[in-house]
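So, here's a batch of structures to check.
One chain, chain A, appears in both complexes that follow, with chain B as partner in the first and chain C in the second.
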Partner chain A sequence: MRRQFPLIITFFIGIVIIISEFIPHKPFGQLSNTFYGWFLIISGFAIILGQLSLFKINLIKISRKAPNWQYYIIALVSFSIMVLIGILWGTQKQPGLLANTQPLVAFFGRKPFDYLFKYVFENLSSTMFSLLAFFVASASYRAFRARSPESTLLLISAVLVMLGRTTIGTWITGWVPESLTYLHLPNIANFIMEYLNTAGQRAIMICAGLGVVGSSLRIILGIERSYLGGK
Partner chain B sequence: MIYIMERIGVWVGAILTFAILSFLYKDNPFYKIAEQIFIGISAGYWFIYTIYNILIPNLFTPVLTDFSNNRLLLLPAFLGFLMLCRLLPKIDWVSRYPISFVMGTTAGMSLILFLRSDIIKQTSETMMNPFSAPDLAATIGQLILIIGTLTGIIYFFFSKKHEGVFGTTARVGIYFLMVSFGAAFGYTIMARISLLIGRLNFLLGDWLGIIKP
Partner chain C sequence: MKILNILTKIDRRIIFLLIFFGVAFPLLVTINFKLGVTKNVRKVYNMIEETPENSTVVISYDYGPSTKPEIQPMAIALLNHAFRKKLRVICVALWPMGVQMCNEALETALQYFPDLKYGKDYVNMGYKAGGMVTINHMAKNFRSTFPTDEGGTPIDEFPILNGINNFNKIAFIIGLSAGDPGIKQWVQVAHDSYGKPVAGGSTAVQVPFLMPYVNEQQQLTGLIGGLKGAAEYEKLINLPGFATKGMDAQSIAHLIIIMFIVIGNIGFFASKKQKN
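The block that comes next holds the complex of A and B.
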């Protein structure tokens, strides 16, 4: 019951959705639409589970005084503040439990949730990702040491695309006469993106697609069952 | 008052920006604090986003406003509740039922979606007459596109040893993949650098007011 019933559910749902693609009439089309709606709701609970799991793990780390446990308090406090503010006063488009938000909007210039989003979340996330620019620079150094034909191609392609997509590329080949316009860096970059890059991406997409179809069939037919856990 | 709160917000943003950037020197308490704030705030943001944009419009509002026509929604709500039971070790096995529902739906949807958009669409786009292109450059480009796609697919075929003519073809496929990876890598670098420029714009413009937008 604990293992067989979930496998039956997966098989039934998967087969109904596949059949509904080919027979979009009653009852398959209707069932499939119903399942999409349910999927959305259960996925919402899955996201909530993720956040609550984070909360629980942080609580455990704090209670066990794990290394650097003090920092986890900060994560818990910021999480709780964001959730409480969101529930009480709502977001820009959604009203919260407390109806009267005008005094706070007059004070902050926007709802408190949106204030935290704009000045804390936005700044932190964009800085966190911009930090990667420095690490990408060091990775570039390692990747661009052309030691084999493959890495040479990677280097040439990356440099041409970067130069062709920035103003410096236009500036470097700006002197090339109109008759040799195909040697302009922006045109070379366009050619790489339109044909060479598309060829590689297309091969990846077709093969990855075949892989996904194979994996999906394994899941639906119950061959792949690792998602049920080990117990 | 709004102006003062905006300035406070900008100062908080600037301090957090420096705290994150301090990681470039080495891991330090300021970075750790900013990192944990980021984790907490983003988890809280997605929590609220999920409630307001997924659960309320798709579950709570239909059930509370028109229960008789939406009573079936109690079933996914119950499955969602079982999903949350994963947090309780003694009965965490009940979460297998909603997980199996999600897996079945995802597998069915992915199979159809990838079959349609990634396999059939991309294959049919590759089946073209390269000589129907308007000029020589486009003809050469389309020939390259066909050869690159075919050799790339051959590279991913691992059921046969890559040797002889098959191996050489697969090798050509690797070259096309490398060019593709290079282009993607170049784009990634540009995206990260543009984010960094955005941060400098914030610090020098919004915070210090040295540069004007």
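The block that comes next holds the complex of A and C.
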């Protein structure tokens, strides 16, 4: 019953949602609305579950002294500080448990959570993402080699798009007369993106869409049961 | 021989250093490369231009601080344009940190529009988990999806939301996204199921995946791609900001990368010729 009951729920809800897309009237329309509402509530709980799981995994790694376990302490402490500060003094317009936030707001210029978010988290996050530029540059130098006709094509299109998607492209080909605008690097980059890239992407999307339909049907009909856990 | 070796084995620290200076220099000294406007960005601009005054629009903030440098400039430019055209803006977020992104964008944009009132001209409904299902639920019953704004104030207290029960009275939706859930979900639900015009702003890396939606059916009315798209939009509304400044840095960085690709290939071909 532990496995059959979830399968029955999945089948029932899946079928009702599919029918409601074609017959959005009573009772299917109402039922699907209710299910959407339930989904939103469950999603909220999933966030709490995720946080608890993050806490548990980090604790386990620290207690087992996994490689680089010191970093997990930093993650756990940072996580706890943000949660605690958020609960005590609130965030932006959300009030916290402690009513008197004025002295801290006067000191930091905003609530402590918002201060940490803006001046610590945002900068760290942007820095992590920006570091990609360095690795992309190094990787491009090592990997982008014209070893075969395919890689040469990739190389040429990458360089054209890179130039066309920046102001350098406009600068290099800005002198080309109006009658030859198709030779402007931004236009060449647009052509590659709009036609060559889009054609390939559409093929991938159609295949992925068919795959989603197939796997959804497998889940609804109870053929695919891995989401239930176990073997 | 020696030169060949150097060309194929440049220390990555040299590449890092050059990229660092290439990015830092244009941020400190303005170069102002000439910038053209691409048609996909102009389409977004035209969509806002052609929307009647006092229409209500939705802007969705589906990104976080990691992609803020790329997407926030377009968020600010779009808000400026919408406020200039006297549109009412409802902000929502499918990403938890989108709420803060929205508030920061509003803070910057409102410097030019100090008379606008929260709840009357704009409102931030906050974050709602669920992605595609949230959009679907919003389209069917906006008020039960967002019973309060981000601060917990009931939506009945906001004049901007009077009569907003679903997407019927929403003129268009703009999704600013750095991944899933984001523009794709807005297109699939808001446009494809409910016929609402949807435009988007995304990171440059996402553009290839979203381009198929910019088609004759106008699944996406237009797409602002990356920092360049944001800089183009700033140019269109004649309000140069961070994107315009950042474009010089990005252009120089791209040029350095291309330079290294060329150097790498010269070394590769020369060493290949030597082996033969």
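One rule holds for everything that comes next: the second predicted complex is superposed on the first by the 223 of 231 C-alpha atoms of A that agree within 3 Å, B and C clash if a C-alpha of one lies under 4 Å from a C-alpha of the other, contacts with A are read in each partner's own complex, and residues count from 1 in each chain.
By definition in this document, a contact is a pair of C-beta atoms (placed from the backbone, for glycine too) under 8 Å apart; a residue touches a chain by one contact, two chains touch by 3 or more.
Since we're looking at a predicted model, the values are computed, not measured.
Peer 1: Going by the contact rule set out at the top, does A:L40 touch chain B (first), chain C (second), both, or neither?
Peer 2: both
Peer 1: Return the chain, chain B or chain C, that is in touch with more residues of chain A.
Peer 2: When the residues of chain A touched by each partner are counted, B comes out ahead.
Peer 1: In the overlaid three-chain picture, which partner chain does A:M82 touch, first (chain B) or second (chain C), both, or neither?
Peer 2: first
Peer 1: On the A-aligned overlay, A:N197 touches which partner chain: chain B = first, chain C = second, or both, or neither?
Peer 2: In the superposition, A:N197 contacts both chain B and chain C.
Peer 1: Check whether A:W69 is in contact with chain B, with chain C, with both or with neither, and answer first, second, both or neither.
Peer 2: neither
Peer 1: In the overlaid three-chain picture, which partner chain does A:L217 touch, first (chain B) or second (chain C), both, or neither?
Peer 2: first
Peer 1: So, does A:T166 touch the first partner chain B, the second partner chain C, both, or neither?
Peer 2: The answer is both, since A:T166 touches chain B and chain C.
Peer 1: So, A:F121: does it touch chain B (first), chain C (second), both, or neither?
Peer 2: A:F121: touches chain B and chain C.
Peer 1: Which chain A residues come up in both lists, the one for chain B and the one for chain C?
Peer 2: Residues 36-37, 39-40, 43-44, 46-47, 93-94, 117-118, 121-123, 125-126, 128-130, 133-134, 136-137, 140, 155, 158-159, 162, 165-166, 193-194, 197-198, 201-202, 205, which sit in both footprints.
Peer 1: Spell out the residues on chain A that touch chain C in their complex, using ranges where they run on.
Peer 2: Residue positions touching the partner: 33, 36-37, 39-40, 43-44, 46-47, 92-95, 114, 117-118, 121-123, 125-126, 128-130, 133-134, 136-138, 140-142, 144-147, 155, 158-159, 162-163, 165-168, 170-171, 174, 184, 186, 190, 193-194, 197-198, 201-202, 205.
Peer 1: Sort out for me which residues of chain B touch chain A in the complex.
Peer 2: 1-2, 5-6, 9-10, 12-14, 16-17, 20-21, 23-24, 32-48, 50-52, 54-56, 58-59, 72-73, 75-77, 79-81, 83-84, 86-87, 93, 96-112, 114-115, 117-119, 122-123, 125-126, 137, 141-142, 144-153, 155-156, 173-190, 192-193, 195-196, 198-199, 202
Peer 1: If we count contacts the way the header does, which residues on chain C are in touch with chain A in the complex?
Peer 2: 10, 12, 15-16, 19-20, 23, 33-36, 38-39, 64-69, 96, 99-100, 103-104, 128-130, 133-134, 136-137, 140-141, 144-145, 149-152, 204, 207-209, 211-212, 214, 225-226, 228, 231, 247-248, 250-251, 253-258, 260-261, 263-265, 268-269
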